[in-house]
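One structure coming up, written as structure tokens, with questions to follow.
A, B, C, D and E label the chains in the order they appear, each numbered from 1.
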Amino acid sequence: MDFINSNLLTILILIPLVGAVLTLGHQMFWKQEGQLKWLTLGFTLVNFVVSLALFSSSAKAGPSGFFFEQNVPWIKAINTNYHIGVDGLSFWLVILTTFIMPIAVISTWHAVEKKATAFYIFLLLLESAMIGVFVSLDLLVFYLFFEASLIPMFFLIGVWGGENRIYAAVKFFIFTALGSLLMLVAIIALFFMYADQTGLGGSFDLVSILNAMKAGNLVLGPQAGMLLFLAFALAFSIKVPLFPFHTWLPDAHTEAPTAGSVILAAVLLKMGTYGLMRFNFALFPDQARETAWIFITLSIIGIIYGALVAMVQPDVKRLVAYSSVAHMGFVMLGMFSFTEAGMQGALFTMLAHGVTTGALFLLVGFIYERRHTRKIADFGGIANVMPIYTTIFVITTMASVGLPFLNGFVGEFLIMIGMFQSQVLSITESINWNYIAAMAAGTGVIFAAVYLLWMVQRVFFGKVTNEKNRILADLSWREIGLMVPLLILMVYMGVFPKPFLARSEEAVKAIKERVMHQGGGSIEKTDVLPNIPATENR
Amino acid sequence: MEQVLKTAFPFIVISVGILLAFQGVLMIVAYTVLAERKVLGWIQGRIGPNRVGPWGVLQPFADLLKFIFKEDLVPDKSTKFVYFLAPMVALTCALLPIVVYPFGPRIADPLSWLVPYVSGIAYLGDAVVWIAEQAKNMPLTIARIDVGVLFVLGITSVGVYGIALAGWSSNSKYSLMGGLRSSAQMISYELAMGASVIGAVMLAGTLDLNGIIQAQTQSPFKWFIIPQFIGFIVFLIAAFAETNRVPFDLPEAETELVAGFHTEYSALKFALFFMAEYVNMFTVSVMCTVLFLGGWYVPGLSYLFEVGSIPYALVSHVAFIGKICAFLFLYIWIRGTLPRFRFDQLMNFGWKFLLPVAIANVILTIVVVFLLNR
Amino acid sequence: MNTFLLTDLITPDANVSLILPELIVAVTGIVVMLYDSFVPKQRMVSGALSLIGLAAAAIVLGSMWGTAAPTGWNGMIAHDNLRLGFSFVFLFVSAMTILVSTVWTDREDVPVGEYHALLMFATFGMMIMSAGSDLVTIFLGLETLSIATYVMAGLRKSDLKSNESAMKYFILGSFASAFLLYGMALIYGATGTTQIAEIADKVANPNFPGLLLVGGAMLLIGFGFKIAMAPFHVWTPDVYEGAPTPVTGFMAAGPKAAAFASFLRVFVLGFPLVAGAQASGYLHQSWIGAVTVMAMVTIIVGNVAAIMQDNVKRMLAYSSIAHAGYALVGFVGAGLAKSTQARDEAIAAVAFYMLTYAVTNMGAFGIVTLLAQKNDRRTEFEDYNGIGFKSPVLAFSLSLFMLSLFGLPLTAGFMGKILVFRPALESGNTLVAALVVVAVIGSAISAYYYLRLIVVMFFRERTTSWSDPKIPVPLAAALIITVIGVFYLGLFSGGLIERFSQPGAPAVIAAER
Amino acid sequence: MVGTALFFLFAGLAIACAISMVYHRNPIYSAISLVGVFVALSCIYVTLAAPFIAAVQILIYAGAIMVLVVFVIMLLNLDEDRPHSRLHYLYALGGGLGVLLLAQTFFIFYSVMRAPNLPADQTVSPGETMSIGRAMYTEYLLPVEIVGIMLLMAVIGGVILVRKLNAPQLELVVEKELELRNEEEAKDGLGIAL
Amino acid sequence: MEPSLASYLALSGILFTIGCVGVMFKRNAIGMFMCIELMLNAVNLTFVAFSRYYGDTTGQLFVFMVMAVAACEAAVGLGIIIAFFRNSMSVDVDDASLMRN
């Protein structure tokens, strides 16, 4: 037990890796491609089961407040350590990753015809890298996993994608790589600032850097701090994607195979928001506060823009992709409100979006497998032919819209509350910008309802216009089985959000405190707002 | 005035020396030509030239006159400048090494016997005294340089240009072939020659020609022909090849190439080439003598005359010329007896036999010298 | 007059054990050549012999690591981490070249004995370059290397491209050598010595300060040519494209690293900043500035030009230019290092970078060699269309190498870049920081063309027929080594880096004259 | 006085020959001019008290290298260069470089003239064979060994490059066949199908 | 009276310049090679002049090594030129443009 407690995260990272190697070996020696999906499914399921051990109550926080912490020296020359651990921020994201992977694998049961071996290997490698991203506490190790997750996705889109896959894959890669390279420079710069100011030699360790900052041993100058912050923020904003950097997302989503889209939506996008919270807020609280208005503005633009563009998309998948842009805008908004409610909401929305949008992409995938088209115009009246499919689709859409008692609602509601409470935007006598921001975001919800429901209406209801649609088979047991856990989660998260929120409470509080209490520039204003709980004023 | 004279004096001496030496060498060369014809005739049971002068002694001068008065033909499409340059280069390079050869031992005091005779005469007396003082310890060398062996080898290697350029500039197939062959041959055998010299140089411990001779004095058993016999043989063979003599006279193989590189040359320009060849023979012989036969050293002569006295020098000098003549005779003798190589045989012989042998000789010498000096 | 010099000769300061690795390599070359001349029809033995020689040299080299510096050869040889680290790289490159080129030598009927002998001599030259602590040894090592490489570039005699490549390489290479030599002459004139250590002492107070500056500039041009630093890179693409593929791989990895070794030795160790001395301040400032600017240009030119190439070898050539630029980042860092230890670490970083580049590059060229077919026919991007899943082993390995060249984390390339950027940033110089930013942007650009090859291989469909080429055993060995190497250097390079930066011996052994 | 006169004589000769070498389009003229430069330089070395280097200069440059060059020119039977203009940027580049180097020469001249010019010590003669030989086999032993290896390598290289191909014409015909065979062999290869 | 060090250096610089310009102006590979040889010789002169100035053998030894290198370069370089000539029947470097794109 002790062994597992101390090595659980490493095991989580390694299981898919071992799976990938075994898959390769299996194929080399037995050449039975049909068995590979079982093998892969097995590994992802095992990983999921193992990841449930994270719930174990016997776990104790490590010296730096992280659970399942592990800190092993890696390359001494540059003083980088293999330092991993989970806390409230990353806990659910890890579970989400291991949860979504088996579903993604099952979704590809019949879809992948060519080069199946490589496909499964890339899926497994991707899982490994994603888990690594969420658990690493060393900046360099984080960067390593962050970049490493690119390659499998790049191949997934490029080889198994649609018509325009090459363009989409390259665009995806270059956008993300460009951002993260700048982050690398920032990481190295941080390393030297640490070395310079503490005199302990450089370090990539997040915990040490944070401790030094808290103790006042490491003080970033305003200019340097801003540059570093921007470098980090750019990398994550591209990944999220924030409004002006979002153009890779629709392309990548549209061209990716179903499993790829699911993973992309469910997990990869969360890396950006996770990174912002974990690194940007923690390392550069002052800069985060100062620039919050920019991010809030951009997220609002993103929400509205995403919704508007989604409305006119002729392609279902593209529509869902733009809805992702809007939803991630919400997440960003919540985070940059710097209130407990807002950030909790953001975290919750990340999970909810993962489940819902993943499910939506799966559903689009199902119909694509049957009709080999995703044009809204090609459908119509599907409800008559595929009742089960329609039911599931409508429920999922509702979750995405944010209907109460489904998961989408909780997160968005919390975010709005957070925004109303927020104190990051300047509040003058006449205009309370927070309210305006919150209301603007609120219109996003309405837009979301409009475009999603309109799409549902066009696709599922009315008469069957296209003859080809008459003979469509309804969902198979496999597909239903695939959707059921997701549906259960949607409802469960909508009704009992408490356990999800409880896990992250501590971490969010800590971050919030760090952001709002450093530097002290805006502390006075807290008194102006009556509805802030007293605990947050400490 | 006096200052100018004093400054100019060394140049005057050197000029006089050069003139004397060149004159002497050219005379020897001229008579080598005659001797060759005579000796060849003798070997082949003929008489040889005997019309001009008693026993044909004036034949060389007759030949010279003939060359001078012949019509000078220049091929139409030749590269004129190079065409004219080539024979001059050939002869110059052949003559240049003479400058560094020691023709005899040092004379301790060559001119002081003159001083009493002119003691009363104004100007002349003083001048002679001064000159006698200057001339003390006079070497019988025009220019003593530290690196005589290298100088000779260097100049010899430059000699290839004359032949190569002549062949190229005549704009004739045969000339070109001859020129190419000849340069290839000379480049190839130069290596063996250089390698064969190293042994002697190592034994002497100097590159100075006079120093090499000095190292061989005291006894004829110290002549390098004995410890360096392999080197000597290699040098000799390479010397034949370097001078394009039979059996290595491929460049001018009449049956194949008409006359080789000088097919298109006539009259005085041909004479220059002709002379260059014989001067080369002479210089190579000198080199061989210096390196392997003790140069001007005559065994036992120091018992007869005092070292450094004039007669000692004279006898030594004559002996030196004698040794050279012996070599020249060898050249002629071999020309009379041996047939010509084929070109591929020549190259194979040079690269695959002569050069390895020469190198082996060097290594052997190193080992022996090392062991002896432990 | 008859003096036998041997008796009164000073005993030469010959310490064979100091140059044992170099000696082993050179002797191997001679042995290979002799073996080949007596047993002419062999195809494998000379390669095996060379490999054994290289391995022996590597073992000896390893045993010399961290030992106290023996002296010898009157300060012609330095025994320090610069020499050891780089020599290791050269031995590796050479061994890989032998493994990789078996495909090619068999295919094109190359005279193997001579080829391997030349390779050994080239390796010898490289090792001398990194070990030489006197301008003479550096120059001779460089020329030994260059001359061997000229010949190797022209080994495909029946092909005009190869001839052309050799000729351009020869002319521009000797041209560069002339500049280098002029620089050396002027440095000698300015300081009165050719030993690096003495130059370093003398730099503060040279006899002719002006000459020092001019000499430094000329040396910069000369070395710039050799490492293909812009604007002296013009020869690289043509030469790399025309040369036989394994030789191109060798040229991109080995000689470039060797030139870096000497470049480091002469500039970083020879022209240090001496506090308070005006002349050395000028010199130091000028060369740092010049190299920084040139490195920026190099990175930009290399990457931008590589994007426009349609030939894989040419693309790799431009990419190698860009990589020289990245290595120069570490070079500048070494030049600006504030302490001896920092300098040693920076030098080690450059050596390590060269090692990562060598590993990646040799692997990539191995595959390109195999795919190229006779006469290097298949070297265009189009020829790689859709081979991804038809030759998966080759294609995935090649992709891995491309990603490593790009600098993807977890691969060797990333570790190399991190290490060279580190000293540069540590220096705290604004211009150098800008250089790092340029380097980062450059690597972002490079993603495009490295990915292009992957895209072509995996995402395109093949229109013409393709048969998966058979991978001969030596090449398979090379691929396994390089693939493992890429991961090993990317993940567990800690120990190796420490070895490389071990300060062990004093930088240069000064000779008592 | 005499030294200066000799220097200017040979320097003038060297420069004139050098210019003539660059100017002439006929390679043979260029080669002859270059030999002229070498000889002039050799004479200058003598005035610089370096007889050994002077002799070696003649022996190696004039006697070996240039002979080889002339030999090759004759062998290839080269004519004059074609007169029409080449890539213009190269002329511009050459001109620019020339001006730059000339400026550099002036700089060198100026900076050396300005520096205190201690007269050469006449008593030591570094150029004598004895001292050169001594240095060569003590201090410079390693470089000499390296040179040995380099020469060996150059021999090998030269031979490989110039040696005639076995059957250059046939190769084109055989090539296709070989390729076919290669491709057949490839089918039962080591390739691992993923 | 001897000419000063500066004048030797000037001569060497001028020769180097001529050689360098020659490399740019020549079209003929052999001509370029000869220009490079001229440059090497100019450098040799610098070495010898400094050797004289410092009364030191270093410079002359360096020259000796340079000469050896030049010989090697000549052997290999002319070999390369001949190989090129065999395939293209020209030694004009401007004809060597197979790979310009």
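Rule of thumb we're sticking to: contacts are C-beta pairs under 8 Å (C-beta built on N, C-alpha and C of every residue); 3 or more make two chains touch, one makes a residue touch a chain.
These numbers come from a predicted model, not from an experiment.
Ranking all chains by how far their C-alpha centres lie from the centre of subunit A, first place goes to B.
Looking at which of C-E and A-C shares more C-beta pairs in contact, the answer is the pair C-E. Centrality annotation: C (chain centre taken as mean Cα position, compared with the mean over all protein Cα atoms). Here the CA centre of subunit B is 52 Å from the CA centre of subunit C.
If you average the Cα atoms of subunit D and of subunit E, the two centres end up 4 Å apart.
One finds 33 Å separating the Cα centroids of subunit B and subunit E.
Centre to centre, using the average C-alpha position, subunit A and subunit E are separated by 65 Å. In subunit B, the residues that touch at least two other chains are 206. Counting partners per residue, subunit D has 52, 56, 64, 68, 73, 75, 104, 108, 112, 130, 139-140, 143, 147, 150, 153-154, 157, 160-161, 192-194 as the residues that reach two or more other chains. In subunit C, the residues that touch at least two other chains are 5, 136, 140, 143, 147, 150-151, 154, 157-158, 166, 186, 389, 392.
By the touch criterion given at the top, residues 9, 16, 19-20, 23, 29, 32-33, 36, 39-40, 42-43, 46-47, 49-50, 53-54, 56, 58-59, 61-62, 65-66, 69, 72-73, 76-77, 79-81, 83-84, 86-88, 93, 96, 98-101 of subunit E touch subunit C in their complex. Looking at the complex, you find that subunit A touches subunit C at residues 73-78, 114-115, 118, 140, 143-148, 150-151, 154-155, 158-159, 165-166, 169-170, 173-174, 177-178, 181-182, 184-185, 188-189, 191-192, 195. Every residue of subunit D that touches subunit B in the complex is listed here, in rising order: 2, 26, 28-29, 32, 35, 51-52, 54-56, 58-59, 62-64, 67-68, 70-71, 73-75, 77, 128-130.
In the complex of the two chains, the subunit D residues touching subunit C come out as 104, 107-108, 110-112, 114-115, 130, 133-134, 137-143, 146-147, 149-150, 152-154, 156-157, 159-161, 165, 168, 171, 175, 178-179, 182-183, 185-194.
The touching residues of subunit C, when paired with subunit A in their complex, are 345, 388-389, 392, 403, 406, 408-410, 414-415, 418-419, 421-422, 425-426, 428, 436-437, 440-441, 443-444, 447-448, 451, 454-455, 458-460, 493-494, 497-498, 501.
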